[in-house]
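Next up is a structure, given as C-alpha cells.
Every chain is named by a letter (A, B and C) in the order it is written, and numbering of its residues begins at 1.
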Amino acid sequence: MGEIKLMKGNEVLAEAAIRCGCDGYFGYPITPQSEVMETLMAREPWKETGMVVLQAESEVASINMVYGAAATGKKIMTSSSSPGISLMAEGISYLAGAELPCLLVNVQRGGPGLGTIQPSQADYFQAVKGGGHGDYKLIVLAPSSVQEMNDFVDLGFELAFKYRNPAMILADGAIGQMMEKVELADYKPRWTKEEVVEKNGGWATTGKPSSRKKNVITSLEMASNDMEVRNINLQAKYRKMEEEDVRYEAIQCDDAEFILVAFGTAARVCQKAVEVARAKGLKVGLLRPITLFPFPKTIIKELARKAVGFLSVEMSAGQMVEDIKLAVYDAGSNARVNYFGRMGGIIPTPTEVVEALEDKFSWELSYGVKRSY
Amino acid sequence: MDIQDIIKPENLVYQKTKLLTDTPMHYCPGCSHGVVHKILAELIDEMGLQDKSIGVAPVGCAVFAYNYIDIDWQEAAHGRAPAVATGISRVNPDAFVFTYQGDGDLASIGAAEIMHACNRGENILVIFINNGIYGMTGGQMAPTTLEGMVTATTPNGRNVELNGYPMRITNLIAQLPGTSYVTRQSVHTAGGVRKCKKAVKKAIQNVLDKKGTSFVEVVSTCNSGWKLSPVASNKWMEENMIPYYPLGDMKDSVKGEHSEN
Amino acid sequence: MTEEMIIAGFGGQGVLSMGKILAYSGIMEDKEVTWFPSYGPEMRGGTANVTVIVSDTRISSPVLQEYDTAIILNQQSMDKFEKAVKPGGVLLYDPNGIVNPPTRTDINIFKVEATKASVEMGNPKVFNMIVFGSYLKVRPILSLDNVEKGLAKSLPERYHKLIPLNLDAMQKGREIVEEVNVV
C-alpha cells in the first residue's frame, strides 16, 4: 500500500505529477487551482527528480511552453481554471493538430466571463467538443474524488502517450479545494533520453542525429488533400479511443428505473441522492462517466433499453444532457432524458436532486412505469 | 577552358552547406530570408550542432523554414515561438534552441512572449527578421512599418495618430537583464552578410555558454510587399529603414548584468 | 458509522484547521474522510465553514443540507446552521458573541465557553482545540490516541513542541462542555 495522506485535490495533482515521472509543469496562477503550482514550487522537484516547474507570463505562454516541451517527447503538464483554459484554447488546438501527448488540467469555476471562483462544470462542451478551432478531441477524464485526482495524472499521461493526443483532467473547484484521504503512488523515474525515443517511436524533436531524417512537429498542411488525410487519421484515432478507452462507474443501475447521470462533484452529490431516493422506495441508479470523451455511449444505450428515464445532473445549464440524448436516441429508446442542475458556482444538494427527479418524472411516477424497447 | 574543367572538385571555391536542403525555397527573389537561412545552416553545420538543434518556426513568411534546414523543427502558433522555445529549452537544457520570427510575429502578436522569454533569460537564440511589413498575408502594416509607409492596411501611408509609431522593439529587448547579446544587422551587402554571420555565431556561442537570451535583428527587405525591385528595395532600405533602425550591437554582456545602450 | 458535520465561524478562529485535525485523526483510524471548505475571499476575515465527513464506507456528497453535528462559533453561523442539524443530532456552540442562542428541542445542544477558557489559559490560539476537545467528549467517534496522532500529522514538525499545549486545551474542553436544556 502506498503512502496515505490527507491532501487537497490541487495539492495531489502536484504530488502525483512528481511521482509519475513528469518532466515539466508550466502554468499561470488562477483561483481555484493555484495550489498546484504553489505545491510544486514548495516541493522543488527539480532537486529531487529533475522535473522542471515554471511560472509563465500567461496561460497563452504556458500552453505554448507545454507544446514546445511536449514536442520533445517528454511528460509535460499544465493546469488552469476556466478563463485560463479559454486563453489556452488556441494552443490546445495546435497540440491536438500536431498530435502532442501532454496532460492538461481544468479545475473549473463558474462562468461565463470572469464569472465566479466557485465550482462549476460549465466547461463540459469546451472540453469534450473541442474548445479551440478545428475538428479535434481531447481525452477527458472527470475525477470525482481526491484519490482520482491522484490516479488520473498517471492515467492521463498513459492515455496521452498511447494516442499521441492531449489528455485533460476536467475537475472543478470543489474537488480541487477538498481534502480527502489519498493513497499516493510510488515514485516512477523520469524517462531517460533513450526511453523518450523508444516510448515515442521516434517522432519527437530530440535533435537530429545522422541516422534519421529530421523531425518536424507541425499542424500545417498547405495542400487540402494532405490536410484531409490528417483529419481522417485524427478521426480514426478518436474512434479507436471510443472503442478501447471508455471508462465509467455504474452504481445500483441493475434494477434502476431512473438513471442519474453525473460526473465529478455532481456525481458525488448524486451518489447520496441515490441513497435518499432508494430510502423513499424509488428505483434509482447512478451512471458516472469517468471519460467524458470518449463518452460512455454504449452503456447508456444498454441502460436505455430498460430504464424509464435519465436525469443528467450537472453544475451547468445542461451540456452533457445532449450527449445522453444522442445515445438514447441511437438506442431507439423512448426513455425520457431530463436535466437538472445549478449554475454560477452552486453545487446542488442531494435533496434537490431527488426533488428534481420526482418533479421531472412526476407523470411516470404517478401512472406507473412505462418500459421502453 | 570548358565547363568540365571548371567544375572539377579541386576548383571548388564555394558550396551550399549540406544542412540546407534541396527543397526550392518559396521566398520571393531578393528576399533576405534565404540569406539568413543560409547563415544559420552554415553555422549549425560549422559548429557541429545538427544533433543538438531544435528550431522553432513562426507564422509568417518563414513558416516553412523547417523545409529548408535539415534539423529538427517545431512549428509554433503565431507569436508564440519564444514560449515554445522556452518549453523546449527548459526540459532539454543541453539543446541548442532558436526561434526565427518576423516583425508581426515577434513585435505584434507575440510581444508578450518575446519580452518575457528575454526577461527570464532563456538560453535561446532569437532571429528577428524586420522588413516593416506582413509579407505572408499580403503586405499589411507591421508594428515596425515606417511612418508614411504604404501597406495594404495603410493605403495612404502609416499615420502615427491612427496607427501609433514604428516600434524599435530590439531597443526594448536590450533593456532586459535576461538578454546577453542584442544586435541589429542586415544582409543586403556582402559585407553585411559577413558581419551578420559573425553576429549570429557569437549569439549561438552565447547560448551554448548559457549566458542568457541572444537576440539578432536583421533589417530586411520585402520587395514584393514594398512593391519594388530587389535592387530598389536594397536602396530603399538603406535610405529609410536603416536610419530608423540603425545597425550595430546594442548590448554585449551576460544575463543579469545591465549594459549601456 | 458516518459522521457528517459542519464547523462554522469566523475566519481566524481555526475552523478549517480543527476540521483538518479531525480528518487526519479519522485517517489514523482507517476511516474515509472528506474535508470540504468554503473557499475564496470570504476566508480572509469573513465567515468560514468546513464540512467534515468521517465514515467507515466510501463518502458520497461533500455538499449536505443536514448534518449530524454542527459546531457553531458565531451568530451568522447559528442563524444559518441551527436549522440544518438532523433531528437527534448535536449542536455545539461557544456562547461568546451569540445573541440568539439555539432554541430547537429536537436536537442535543451543548455549549463550551472556549473563548473565555482560552483567555484564561493565556493563549487565545488554543481556542479551536478547546472546542475540538469538547466535541470529542460529546461525540466520541474517534479514540484520543488517534486524535493525538492526527494532531501530529497535521502540524508541521516545527510546531510539534506545541502538541502538549493542544492536548491540554482539548482536556480543558472535555471538562467545561455542558449540555443545554432548552425549555
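Keep this in mind: a contact is a pair of C-beta atoms (placed from the backbone, for glycine too) under 8 Å apart; a residue touches a chain by one contact, two chains touch by 3 or more.
Values in this document were obtained by computation on a predicted structure and should not be read as measured data.
Path length between subunit B and subunit C in the chain contact graph, taken as the least number of steps between touching chains: 2. Nearest to the common centre of all protein CA atoms is the CA centroid of chain A.
Separation between the centroids of subunit B and subunit C, computed from CA atoms only, is 64 Å.
Subunit A and subunit B have centres, each the mean of its CA atoms, that are 40 Å apart. Rounded to a whole number, the gap between the C-alpha centres of subunit A and subunit C is 34 angstrom. In subunit A, there is no position where the chain touches two or more neighbouring chains simultaneously. Residues of subunit C that touch subunit A in their complex: 20, 23-24, 26-27, 31-37, 39-40, 59-65, 153-154.
Per the touch definition, subunit A reaches subunit B in the complex via residues 23-24, 26, 52, 54, 56-58, 60-62, 64-72, 74, 76, 90-91, 94, 98, 205-210, 214-220. On the side of subunit A, the complex with subunit C involves touching residues 4, 6, 31-32, 117-118, 173-174, 177-181, 265, 268-273, 275, 347-351. By the touch criterion stated above, subunit B contacts subunit A in their complex at residues 50-54, 56-57, 63, 66, 70-77, 80, 83-92, 95, 112-113, 115-116.
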